Amino acid sequence: MGGKVTCTLGEVKNRADFIVYWGGNPAECHPRHFTKYTLTQKGRFVPNGRKGRTMVLVDIRETPSARAADIFLQVRPGRDFEVATTLRALVKGQRVDEATVAETGLTLAQLQDLVDRMKGARFGVIFFGMGLSMTRGKHMNSGAILTLTAELNAFTKFVCMPMRGHGNVTGADVVLRWTTGYPFGIDLSRGYSRFNPGEFSTVDLLVRGDNDAALILGADPGATMPQPGIEHLARIPTIVLDPKVTHTSRLARVHVTTAATGISAGGTAYRMDEIPLPLRPALVSPYPTDEEVIRRIREAVARKPAWVPEPGGLLEPVARPV
Amino acid sequence: MLRITGGTIYDPANGVDGVVRDVCIAAGKVVADVEGGRTIDATGTIVLPGGVDVHTHVAGGALNFARGLMPEKQRVARKFLRTADRRGGLGGLTPTTFATGYLYAGMGWTTVNEAAVPVLSAKHTHEELRDTPIVDKSCLLLLANNEILLDLLEAGEVERARDVVGWLLWAAKVYGVKAVNPGGVAAWKWGKNASVMHEPVEGYEKLTPAMIVSGLARLVDELGLPHPMHLHCNNLGNPGNVATTIETMQALEGRRAHLAHLQFHAYGGENWSTMRSGAAEIVEAFERHPNLTADAGAVLFGDAVTVTADGPWQHMLHQLTGHKWGNLDVENETGCGIVPYVYRDRHVVNAVQWAVGLELLLLTKDPWRMFLTTDHPNGGGFWRYPEIIQLLMDAEFRRAQVRRLPEAAQSRIVLGEIDREYSVYEVAIITAAGPARALGLTRKGHLGVGADADVAIYPSKPDADGRLFTYPRYVVKGGEIVVEEGEIRQVVDGREYVVRPAFDAAIEEYLRPVFQKLYTISFDNYAVEPERVRDAEIRDLPEPS
Amino acid sequence: MSLTRRGVHIVDTFAEAFGMRAARVVITAATPEWARTAALATTGFATSVIGCKVEAGIEAELSPEQTPDGRPGIQTLFFAFDAEGLATRLVERVGQTVLTCATTACFDGLPDASERVVVGGQVRHFGDRYQASKVVDGRRYWRIPVMEGEFLVEESFGVQKGIGGGNFLILGATQAAALEAAEAAVDVMRPVPGVVLPFPGGIVRSGSKVGARRYKNMIASTNDVYCPTLRGRPGVESLVPEGANCVYEVVVNGLDRASIATALRAGIDAACRPGVVEISAGNYGGKLGKHHFRLHDLLA
Amino acid sequence: MIRLVLREPLPVPLEAEVLSPDVMATLAHDAIRALPVFLGKHRRRVDDCFRVEGEKSDEVTIEGDASRVKWIGRGMSRGRLTIAGNAGMHLGAYMSGGAIEVSGDTGDWLGAEMSGGLIRVRGNAGGQVGAAYRGSPKGMTDGTIVIDGTAGLEVGMRMKRGTIAVGGQVRDFAGLQMLGGTIVLRAGAELRTGAWMMRGTIVSLEPIPMLPTFAPAAEYNPTFMRLVARHLSRLGHRVPAAEAEGAYLRYTGDAAVPGKGEILVWRPR
């Protein structure tokens, strides 16, 4: 089994001499990534900055990020899993079928060269974006990168990191883990947390129409969900907390305008490498913060007769702790 | 106000060994006497100070990483259903923060020491400790691979190093210093390790693990920290590491130190096929070094999750077992690795490990120096402490377990020949009085007047499994009854212990540029804001000696 | 009292047979011919436990509908003194004669037997870790890569009680008449389910007695009392009557008493024909084997 | 026999792990009606949602569109469960024995981590048939799942033993990280069949796209396929094995692991 081998961004800045971006366009989507953390920064053990680093971009189209790369590998849409799986085999010196490899848009020679460079690196890192994790294969595409990275450590130092989307996804992920034990796709209806992406994850709930209400915070599913999901949001009581009008707020029953976190509301954000950063608001907002609105909703709910989960099912025998 | 009457008191710190008398509580403290208030009839029970866990991993980036890494373990974990006044949670090997509080208190433990905190993510650790109810908490800062510090030690700038340590401790709002595999984690940043005490660390000219050990121990003493340097020795888990551990004891040159989870550092033999217990040698050396305390880090058969800053060891374990592997290197400071593990009684190496933990506890004559831990969750869940206590208190039961081990294992251990049986008094020492003293928590681990009113009241007869200490009748925390008949009755908040060492404030002018060169966040965002720590009890330390 | 059938005198004696352990091995192949080739090889040199450590024979031919893999097959029976012995022989013989034989596969014929011996689980080692196990419908098989493709053999085989050494003697006026009678007997005995005739052609010309008079270390030696040429020789209590000049023995092993009795009854009846003087049976005074078949009871 | 008829369509999912012969076999009528089920976050009685007939039997029939009823037959070890209609997620998960028969479709996680017994689905199944739950080291360890229609993603993910047969096409990642057992795909699969498989057999009667990490070995007629064919024909699924009809092209992989698994693709004469 693979796992997850990663680090904080400073490790990349100070050590990485080989940097792969896969399925992302940092130049446009994470504009400061190159300069602040990865590419052009001079690092403790990479005193020459950009000159001391090799950058590879793997993507389905030649984005502006390609100009920053030393090597651009254009993979056919939806073939990332095949490429990563081939790399896993090559890393271990296994034979692969050249003709089938070619169907990915990359040649065996190109992939073998990439593997040789990866193994030759002193400290390598792979950043994988939503072009990988949100396309056909989803979690298995990410899984392929995670496993490849773990396996490379038999040869040299290698780490990887996901580049997540808008909002503080990482923060939600971190907090949910210590409060419920799981990062996302969590159900609390039986009085304790259960985890099953595909069953409890938002998009699946909405598309199946399993939920009869929705409270939406720091996200705009109305812009990204499949149509059945959007229709369900419009059908049920949907409440949106957002500083601005969004696709979701338009179809919601209630839209509470809140102060923009980080600009006019404080708090803590977790960076993509799970480092907590305090947010210091620069402006004052006439609107309440998300936190305040949620707290007031909780207080209002607390005045109603409390729902307390009842045991009695056989699903999770509450035995001696294991 | 509360009076606990009729119970048999075991309070080793005050020399009380099984005396029937009242414990009186007012305003969260033990007092000489009270008028009125509730009375608990403790007749036929044994009354101990609330347990103190000197070494555990219950909060912060590493443990939270582990939570996300193994949903299959949470799925089978104990469930705490939400009630009107209690939040829900999951138990298991990486419990959610709320469940951590319930599980410790539910067993009679009221103080825990989180043993591994990087400065960079200390804010996160404190957020989790804030959400860990009932128990009081302290935590230790990972420093033995902090590159700013290692550079100063390499350069021999001890004065400045001391100010840096002082500044970092206060920046992180922690209670003490932790050293994990000194130099080895830094080396791991290049995929290397540091398992030889007197060879320079990868990337350094002179600096050796031994120099880091002695240097850091010295700084800790000079800063006058209440808890000595908390040391996870080099070469963890490897056959023959007895030698490394003894070299480390010598490297300390008589300075104070607490050796963590000693079980993992007490193996003889040359390789996995000849690996045997080195407990006798370790204890012999340990007793020659009165400057040291230690905890067992005992392992129990069954599921575990190895969570440690010892990155290189974890990669080894991943390759050994093929189990999933989590690794998180923290810039300039430390790393962490996670690998799920199962200790099997049919597996010779595991059987030896099981025996070594118990041997350390049984061979060490002075219980005030060797404490009960499983290095949770590395050796097994902390909620299994009662199983270890049973093994310590009942030699016959223990031998029966030994006889069930593989022949090959029995020939590599001495556990079968040990007759010692722990008394309740000694149990109170290794679970409460001793750890509290080692941590320098003067109001913990005893029931004398002025002590925090943390009391665990257990039935005097073992339960159906032959165990004491599994289900307390009552647990009192800070004078509040939090557990009754093994059930959580009331959820209170715990405080956090923090030290503020004395250091030259000008050190910031040195640190700021170095920091900005090495790190990726603003120096002004580095330190933990005081308001982030709930109910901090801050202890100001005197000027360095 | 005396019993005759079609003028043939049936001696009032009994055949003495022994309790053994039995296994049933089903061999399938691409054609009936290849199945039979493998079956003959694997049951070859298996006449008597004394010299071969196992007794075996072909029990029946199976149509594709009757075999586990839907190919033509042969059903064989193996007999030995105990399960361990049986296991060793089966591993040797399946390994040397079935594994090696073109297109064959090898299945347990007693799947419901509780007592089992590991056969495929041993033979698999020929696969040098390239073999793969496969469980289908609750039964475990091993797939062993071979030059032809893949040899399939079942992990374990059922073992049950069996009986060896059921027999009768045909005493004829001439060698030709005696052999004719014996062949007639074998023809009607072979089709009986649950039995095999382990000797060449099902017939023994060299009946034996336990031990030897002169060679101390012989386990068995020629049955002198039935050797026509020794009649009248001093010291030989010959049992060959007047007019008889040749004796053949027919030996049958089976899974149970009933099937052996059926086979013996049919065989003796078929052997009662002109030129046969007398039908008798071999025994050791009843001391050695616990299964006795009285000829008169069989024919009653 | 016990008969449960769903009273009306469910507004939200119903978790009803008590709907299994093991639970009901010994219960009297009233006890069955009082069994707890969970409608969303609220605990209800079985008879709040179902009309109940009969008692004390390990023959249980469920009627109506139960496509939102989860965990039916969870961990069942005996008896017969018949569903006249559809069933929701986790049907027969963890089951160790007995038989489940579904006339309609089922949701995801059908027979997940089962260790024995038979599941027969006349309609289509969702994803993760016989799979391991997220993070678990292994999926189904024995038993048989037969689906007449199609199935979704990750069919047989990490399965260790047992047989899965699917009449219609399956989606991506059939046999993902497979550890053993047999998957028979009578109408082929979409992408990434056998990805990262360690051991085990995937049979496809239709040509399927191959990962670059699978290598063709040989065309032959493995004898064990005759056994599989016979086993499945008894369950109404015809699988060819005879030389006369064609042969199987054997691919080995997944070299990424590297694994000892096989994919057998049928080549008709």
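Order of writing sets the chain letters: A, B, C and D. Residues in each chain are counted from 1.
Going forward, a residue touches a chain if its C-beta (ideal position, glycine included) is under 8 Å from a C-beta of that chain, and two chains touch if they have at least 3 such contacts.
Just so it is clear, the model here is predicted, and its values are computed rather than measured.
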**Item:** Closest chain to global C-alpha mean, per-chain Cα centroids
**Value:** D
**Request:** For the pairs C-D and B-D, output the one whose chains share more C-beta pairs in contact.
**Result:** C-D
**Complete:** So, in whole Å, the Cα centroid of subunit C is separated from that of subunit D by 47
**Asked** With chain centres defined as C-alpha means, what is the inter-centre distance between subunit B and subunit D in Å?
**Response** 46
**Message:** Using Cα averages as centroids, what's the distance between subunit A and subunit C in whole Å?
**Reply:** 73
**Request:** Could you put a whole-Å number on the gap between the CA centroids of subunit A and subunit B?
**Result:** 33
**Message:** If a residue has to touch 2 or more other chains to count, which residues of subunit D qualify?
**Reply:** 133-134, 137
**Item:** Of all residues in subunit A, the ones touching two or more other chains
**Value:** 1, 188, 190, 195, 309
**Asked** Okay, what are all the chain pairs that touch?
**Response** A-B, A-D, B-D, C-D
**Request:** Quick one: which bits of subunit D touch subunit B in the complex? Just the residue numbers, please.
**Result:** 133-137
**Request:** Name, in rising order, each residue of subunit D that touches subunit C in their complex.
**Result:** 142, 161-163, 181-182, 199, 201, 218, 220-224, 226-231, 241-243, 260
**Contact footprint of subunit D on subunit A as seen in their complex** = 1, 81-82, 85-86, 88-89, 92, 94-98, 100-101, 103-104, 136-137, 140, 188-190, 195-199, 210-212, 307, 309-310, 312-315
**Request:** Provide the residue numbers of subunit A that touch subunit B in the complex, in ascending order.
**Result:** 1-11, 13-15, 36-37, 44, 122-123, 150, 153-154, 156-157, 159, 173-175, 177-183, 188, 190-195, 268, 270-271, 274-278, 306, 308-309, 311, 316, 318-322
**Complete:** Given the complex, residues on subunit C that touch subunit D span 28, 30, 68-71, 105, 132, 134-137, 141, 143, 149-150, 152
